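Order of writing sets the labels: A, B, C and D. Residues in every chain begin at 1.
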């Protein structure tokens, strides 16, 4: 009896302490409100610091994309610190407002994602971002209904079309594959029909390279898709897949995978003595691949949207300085560059809206109307080609990729930005009808 | 034909590692009747510990292995004492949930300690050999050889030593084992220690190919079809089941993927699912796996 | 000497199985516990050997002493270490181990190197086991299995063996043989036994002292002769009436319902 | 069975079998339903954020009720519940977006489809027990998710968007109205579950859980009843999946991971197996803790230790789940519902609460 009482007490103490957790969370909130109050007080004194401007973003710091998302997370943090260290954002009255990022690790669970979205909305976030299609897809209907601008970091064409208040400013996976095919065909000089093999990760990201639309597109370019292989995120062995590719006599390979997968594929290719052109889209991360399989990855091509790699553009220098200042030394990872490009654009949308709308009237809808729709030829100074968002611009975001290659122990740009083809046959839909919907939304 | 042999040989090489990991799984099941769904996490942690040994503590490979075994062994004992001992006599669901919960907790600890990043773990050479018409990498030969060595060492331990006999006794009849003075909880500790160590070895061997990451724990789930096929309580079943799954995976990719691809399943991708489907079929025919003992139940 | 003093056992926190019993097993003696099914004989054995804890049974009152040390709070392996070994009911072998390995597990707690010699001693005692050394024990016959579990218990060099229903499911001849061996062990090795049996007649022939249990209580005790000569015992446990005739089951039951100790 | 108020005796079998036994209970029930109806409009929970949370809790309750019948009552461990939810979700998504079926047709169809799929996988599953069963249901999970992600008509890896549910001319467009719909379904499903477990079927389940061989001897065919339990459980999962997909308006295979199945089992343990109340308590308790940890604490912690932000927040949620479920398994395996019983008993027996 005594034991059970003790146990019960222990249980309640433990549960009680768990229930204390919200109190701790609330303490955090208190701090915020306290900050806000002090900020308000400071408002009255002419120190020029207003209430924070909030943007929100989710990351998946657990799960297969964790290492990429961590770099992106760091990029967001650094850039926001940079903005705040340089005086924050000015509103129409010339008062500066610090920038604040609300974020959460969604663990790739859609319910956390949705819950956070609602909380961010309630907390006054002006613009929201998520990193992958399955979460984005669930947020889009809600964002659309309330006209909250929603950024999807990387996505398949199918999820994001037609665009209304959701954006991906990076090219769609299908389009990147299309660009790779076109790019390869430029140097194809043999008389035979070129044969492509596709290796896809066994999840939504990977399998978007195997959709029927993109396969139709590739066929329309006169390329034969001879192998469609599906591999695990962290495979033990890809020999079987590669032998099939070898037997199918492929001429080039496209691997929609992440770095650990690429490392295994690279080693198995070396083992089986396969020497074909192989490329991957941005989530693969060539710098990570170089770390993991330095002896086998020579020649691997990355179709990147943005990145470092010994470029002397101002944007790249800026990122390097940012990393040196906040992280101690430049790490030069390509995911970081993507993160910077993304957060830059989000902040730019907020900044543009703040130029037009008085601070008190700022809302997600206003940011969408006066911010996003006014992003035209937004220059990230070389990180990305100029970005266009919004209704008037023919294209949403930017649709360029730039190939890099691992050469020995170096990663080098091997071509300039290439415009991606529109691989979706039904793309006409949002050029006409979709545009009408967007205009209608904008007109309200 | 060439492809067949290549697939067969790579299947056997990988399958042995699966068998090794499954061994730890079977051992815990036999001695304590607990389905260790955290085996995948033990595999993952083993790889991380070895990574720390090599890249942070700068140990040489032999020392790094010993370091890994020592740390994993201690971890196994701690798990056994903290999480498993209170479960004696609890219902099945509690036991299963405890190991699931344990697996989640271990993943949390790994993330806390190492972050969620992927690291390379290069401990074997990168040369390639042609054996019987197939190309095999040095890494997979090492993996095979070390797995076989570990399995043999373990089998000897299990058959010939006092500790091994105690484990077998507990596996057969816990109360009778207690009645001759065997301390059951010591045997639990023992079996978790071995499970953690063979898991860690499996982790190192797998990670030497695919790198160290949290996702390595998913490879632990591959053990489940292995033990379903081989039988939960059979050590030889674990090894043979491992090899069967290794081969089945490769054959599924090589020969079945194109078929199901034609049926409209995009790209096939049967590698992970096929062992489970195979296991389901085997279960329908033999509910206790190929080598599992049929338990006689009394009301 | 084993002393059980006022022990009460509760299962699963609700079922009172042993309602305060006391008895003792002097050194070098065979003491038997007789009683019907469900009287709590096995439970008291498990309470002594410490195996009760694994079955959600708890000793809630009283104490058990062995050589003036309290053992009721000890763990089973500690009790085995003190020389008290239980042989469980139902020939609980390690069925997939060989005969010899079974005997070796019996010596688990021992640290000395005389194990080999003791194995030979067991073979001497049970010559049949010698021929079956390498056989998987699950394939032995019932009698051989019973010999093996007793042999296995002997390997721990016990001073007291708690023997639970050794003749259960054995042919009468085999049962007698087993009991003879028990007597032999007692006289030759000086091991004392606490013997639980259904077969009262055969048991009382080898026992020195006996206790009768019913529904968790000791209702009668006495030396073996006293018990054999007691009319009631004859009636219920040996199944003979005064006239030496077997009574029908119905009559015994009827009588029993009427008469309570 | 100390769940009757002290001094209340049942004078007839009808009364003994009734779900709600006393007038007080009726009163409390009506008040509870009233509160549930008012919550989205007044009070501290009347925000989109909390309504979203409550909707999700209600959907969880439905799914856990199903799992409770299978695992808590019938004793069959299932790791496949998330996959059966996916079946319900995809049935709804496909019928609604491609065939234009209305809500009232999609919802039961989702349940039935999940039942059918559950039935197929139950055939190998009922032949095995214990650990083999657990892994068999795991296999079912992998196979189902694999099929969803690989087939064309399920939208494969892309997913399917669907419209808000509508009944006749009413569109459940606002969070509040959808909340009402979900709560309504949840109440119906809970009453249904309560009804199942107190009938002959329920007792057969319990007999099988406690000892299926004994049940067989007593004339309960374990095979049939296990199949039935699997089917009922899958039906609940299908309904829950259907509601979830209406809530998200988007079906995607990544939404139905193995983690979800594990969470459902965890909730069952925390709530207390074999208890209808337990499923409700568990869902609220675990989801609340999860919500607070993930959304509120973990970013705050991350901001506190910026250099470890990623690690901290990623690990926290996992460790908290481990802690909660682990503590319950070890210290209170009968879950919250048992605590609730004790509380009720001590209240009723007061001041003579020596019963515990």
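Keep in mind that, in the parts below, a residue touches a chain if its C-beta (ideal position, glycine included) is under 8 Å from a C-beta of that chain, and two chains touch if they have at least 3 such contacts.
Just so it is clear, the structure is predicted and the values come from calculations on it, not from any experiment.
Colleague: Touching both subunit A and subunit C, which chains are there?
Modeller: Touches both subunit A and subunit C: B.
Colleague: Figure out the least number of contact steps between subunit B and subunit C, where 1 means they touch directly.
Modeller: Minimum number of steps from subunit B to subunit C: 1.
Colleague: From the centre of subunit C, which other chain's Cα mean sits the farthest off?
Modeller: If we average the C-alpha coordinates per chain, A ends up farthest from subunit C.
Colleague: Report the inter-centroid distance (CA atoms only) between subunit B and subunit D in whole Å.
Modeller: Spacing between the chain centres: roughly 32 Å.
Colleague: Please compute the C-alpha centroid of subunit C, do the same for subunit D, then give the distance between them in whole Å.
Modeller: 51
Colleague: Whole-Å distance, subunit A centre to subunit B centre, using C-alpha means?
Modeller: Distance between chain centres: 35 Å.
Colleague: Of all the residues in subunit D, which ones touch at least 2 other chains?
Modeller: Touching at least two other chains: 150, 152, 156-157, 310-311, 314, 317-318, 323.
Colleague: Can you tell me which residues of subunit A touch two or more of the remaining chains?
Modeller: 61-62, 66, 70, 202, 207, 211
Colleague: What pairs of chains are touching here?
Modeller: Touching chain pairs, listed by label, are A-B, A-D, B-C, B-D.
Colleague: Which of the residues in subunit B come into contact with subunit A in the complex?
Modeller: So the residues of subunit B touching subunit A come out as 3, 6-7, 10, 14, 17, 107, 111, 115-120, 122, 126, 128, 135-137, 139-140, 206, 209-211, 213-216, 218-219, 249-251, 253-254, 257-258, 261, 266-269, 271-272.
Colleague: What residues of subunit A sit close enough to touch subunit D in their complex?
Modeller: On the subunit A side, the touching residues are 7-8, 10-11, 14-15, 18, 21-22, 24-26, 28-29, 59, 61-62, 66, 69-70, 73, 77, 102-112, 114-116, 118-119, 121-122, 133-134, 137-138, 140-142, 156, 158-159, 202-208, 211-212.
Colleague: If we count contacts the way the header does, which residues on subunit C are in touch with subunit B in the complex?
Modeller: Counting only subunit C, the residues touching subunit B are 49-51, 54, 56, 75-77, 80-81, 85-88, 92-97, 101, 104-106, 108-109, 152-153, 155-156.
Colleague: Would you pull the subunit D residues touching subunit A in the complex into a rising list?
Modeller: Against subunit A, the touching part of subunit D is residues 47-49, 52-53, 56, 149-150, 152, 156-159, 161, 248-250, 252-255, 257, 259-260, 289, 291-300, 302-303, 306, 309-311, 313-314, 317-318, 320, 323-324, 327-328, 331-332.
Colleague: Using the touch definition up top, name the residues of subunit A that touch subunit B in the complex.
Modeller: Interface residues on the subunit A side: 61-64, 66-67, 70, 198, 200, 202, 207, 210-211, 228-237, 239-241, 243-244, 247, 259-260, 263-264, 267-268, 270-273, 288, 291-296.
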